[in-house]
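Multiple structures follow.
Two complexes come next, and they have one chain in common, chain A, joined by chain B in the first and chain C in the second.
And then the complex of A and B:
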């Protein structure tokens, strides 16, 4: 079939990762390269040791060949994440995180854990934040009705996680409230 | 002038003006504010590939078939052709250095990424085209959303399915039961149509005009807001590209 069954209901995390990897990240190149035209724009020139912004997929590719160091994004450090975790556990609403933080953090920590100070601590903080936010999404289910649900600061991967259940629940609610005046069933 | 292009002059492949794809201004000299990470909307700066990614995601999440992005696809395919050609010329050149091989590898990686998204986008549309072939045939408003190739496929596919049904079963039934599009009371329709009441996650790319919700209230989305709501509520906002589906 044109679209495999597993892809029909939703996108998969790997696809979200591909989308997130178009975002830019700073690197410190270890090799020189002229400015080069790519489909998504021109990047470079790479001149060690000055920093340069390239898409994450390119940074990951260079890193795996040991041709660069990745400069962690401003939000991917222990102090920032610790602060977010505190807010996440003390405040009722979702705290502001970059929309694709989970995917980016995963890719960067997978390929470049040596470029981060204390990468294990980062991983455990990310996991704690994720769990705190998951608990909030589950609570959000109680606010679901048939017309709309506002989801401020929810991130791409979290949306994808709650999608199947929330979409179905809303479908059931829609059916229950369909034309309440016109088609009321009498039992 | 910057060494902006791939081609090396000796090969005569100097066609850097051939394809005018709007490229973002070099970003390394502009300080990127933290804000950009939070709101990755950047309408002005959306490159052709980012536009395609957005349309791909919309198509994947929307129950209905959306207007095809033929111009955009054409531009990207031209660009892929050009990059592939440049890579081939450089490959054939025995003098190309180690450094060139490394650039070739990066360019090819990107070409593969773009190809993947294009393929997935087209396959998603093909899936919907086949699923709703008979509905599309009966709804002229949908025809302009399809490319020429997709439209031809709809015609052929609907014909093949109908003749198969007819040959396999319908011919053996009494004549009044042979129709494929009767509307029986209390039965689902015989022509499958997209269910527009299904809920989608809409992300506002800009401030949106107010929309009416099924419970009687109105909803006015501000830039960056994410809402879970039935598809028909945000359908016209999606067609205006005010929202994207995530």
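And then the complex of A and C:
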């Protein structure tokens, strides 16, 4: 395989961001556009000022050219994130978050921070949520087993972050626990 | 079956030498001792690699002493505080354990040790994600001592964790506007 070794074990966050940007987001277009066919599908028509759902990559592009306003997704606001943060800090298991929340939030806050009421507060809430979840996955590490691992509600970027480490650690544990049970010498 | 035969780590681990005491005379095998003797005499002590020692012991031609990394002294140290034991000096390549009764206890100790050191590895990796080269002038003494005492496999894990964290940091700090 022509990939460098480091890329064979895991996907990089930029790739996850690309995948996440296929999701649809609502925009208020400022220009008109006919229903156009793209590789991933046909979107439009854009008729200002009525809202339209387009992929995030397209919304980001339009926004950078100042041709639309982005409507924040229903989970990207202070009340929702605050509620999730309190749940995250009080409960031992991971709280439910949209699967690709980290990537979507990063892209939207980057290009369209003026479309949100308090983007700084949102950024700090997201950071706190991420850190709380990281602490939980660290605790789960001490209970690591060689056979199975069950971490419900973990999100795409978090899975990707811990995957190479956890898989290798579980491999070592498998070697250590299986050895005495079965004979390994092949003579 | 085929996998284990070719497994590099198993080959390297089995190559580790074990102190054996021969119980019988073995003619013409004196070269194993590295000396000038033609034969091996009974009750002579030799360093034999594990793969050979295994057969000799099970055919009852020799006895062996448990190698130092698996001695009870090391085991007690591991039980007390797994993270402060320097594994690099003890086990060259990540020793495989022996396949009889003490092995079960040995594997329990190894598993416990591994788990205890795992959280420490990942903490250190996240802490040092931003530092590219391995020089860390302002790290605490204890952190440095732990990292120097890491076993080969643990170093691999450390590198993996460090890489993941570095990727994440880089992604978070990059921004859309800078790309266009």
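Operating definition for what follows: the second predicted complex is superposed on the first by the 178 of 187 C-alpha atoms of A that agree within 3 Å, B and C clash if a C-alpha of one lies under 4 Å from a C-alpha of the other, contacts with A are read in each partner's own complex, and residues count from 1 in each chain.
The working rule: contacts are C-beta pairs under 8 Å (C-beta built on N, C-alpha and C of every residue); 3 or more make two chains touch, one makes a residue touch a chain.
These numbers come from a predicted model, not from an experiment.
Peer 1: Where does A:80 make contact in the superposed view: on chain B (first), on chain C (second), on both, or on neither?
Peer 2: Neither: A:80 stays clear of chain B and chain C.
Peer 1: Go through the superposed model and pick first if A:174 touches only chain B, second if only chain C, both, or neither.
Peer 2: The first partner, chain B, only.
Peer 1: So, does A:60 touch the first partner chain B, the second partner chain C, both, or neither?
Peer 2: In the superposition, A:60 contacts chain C only.
Peer 1: Just chain B (first), just chain C (second), both, or neither: which does A:161 touch?
Peer 2: Touch status of A:161: second partner only.
Peer 1: Chain B or chain C: which reaches more residues on chain A?
Peer 2: Of chain B and chain C, the partner in contact with more residues of chain A is B.
Peer 1: Touch test for A:110: chain B only (first), chain C only (second), both, or neither?
Peer 2: It touches chain C, and chain B stays clear.
Peer 1: Just checking: does A:142 make contact with chain B only, chain C only, both, or neither of them? Give me first, second, both or neither.
Peer 2: After superposing on A, A:142 lies in contact with chain C but is clear of chain B.
Peer 1: Based on the A-chain superposition described above, do chain B and chain C contact any of the same residues on chain A, and if so which?
Peer 2: Correct list for chain A: 10, 144, 163, 177.
Peer 1: Which residues of chain B touch chain A once you look at their complex with the stated criterion?
Peer 2: Spelled out, the residues of chain B in touch with chain A are 2-6, 16, 21, 23-24, 26-28, 32, 34, 37-40, 47-50, 53, 57, 60-61, 76, 79-80, 83, 99, 102-103, 105-107, 109-111, 113-114, 116-117, 120, 123-124, 126-127, 130, 197-201, 213-215, 217, 219, 225-230, 233, 246.
Peer 1: What part of chain A is in contact with chain B in the complex they form?
Peer 2: So the residues of chain A in touch with chain B come to 1-3, 7-8, 10-11, 15, 18-19, 22-24, 31-42, 45, 52-53, 57-58, 61, 67, 73-75, 96-100, 144-152, 154, 156, 159, 163, 166-167, 170-171, 174, 177.
Peer 1: What part of chain A is in contact with chain C in the complex they form?
Peer 2: Residues 6, 9-10, 12-14, 17, 60, 64, 106-107, 110-111, 138, 141-142, 144, 157, 160-165, 168-169, 172-173, 176-177, 179-180, 183-187.
Peer 1: Inside the complex, what are the residues of chain C that reach chain A?
Peer 2: Listed in rising order, the residues of chain C that touch chain A are 1, 4-5, 10, 51, 54-55, 96-97, 99, 103-104, 106-107, 110-111, 114-115, 118-119, 122-123, 125, 153, 156-157, 160-161, 163-165, 167-168, 170-172, 174-177, 180.
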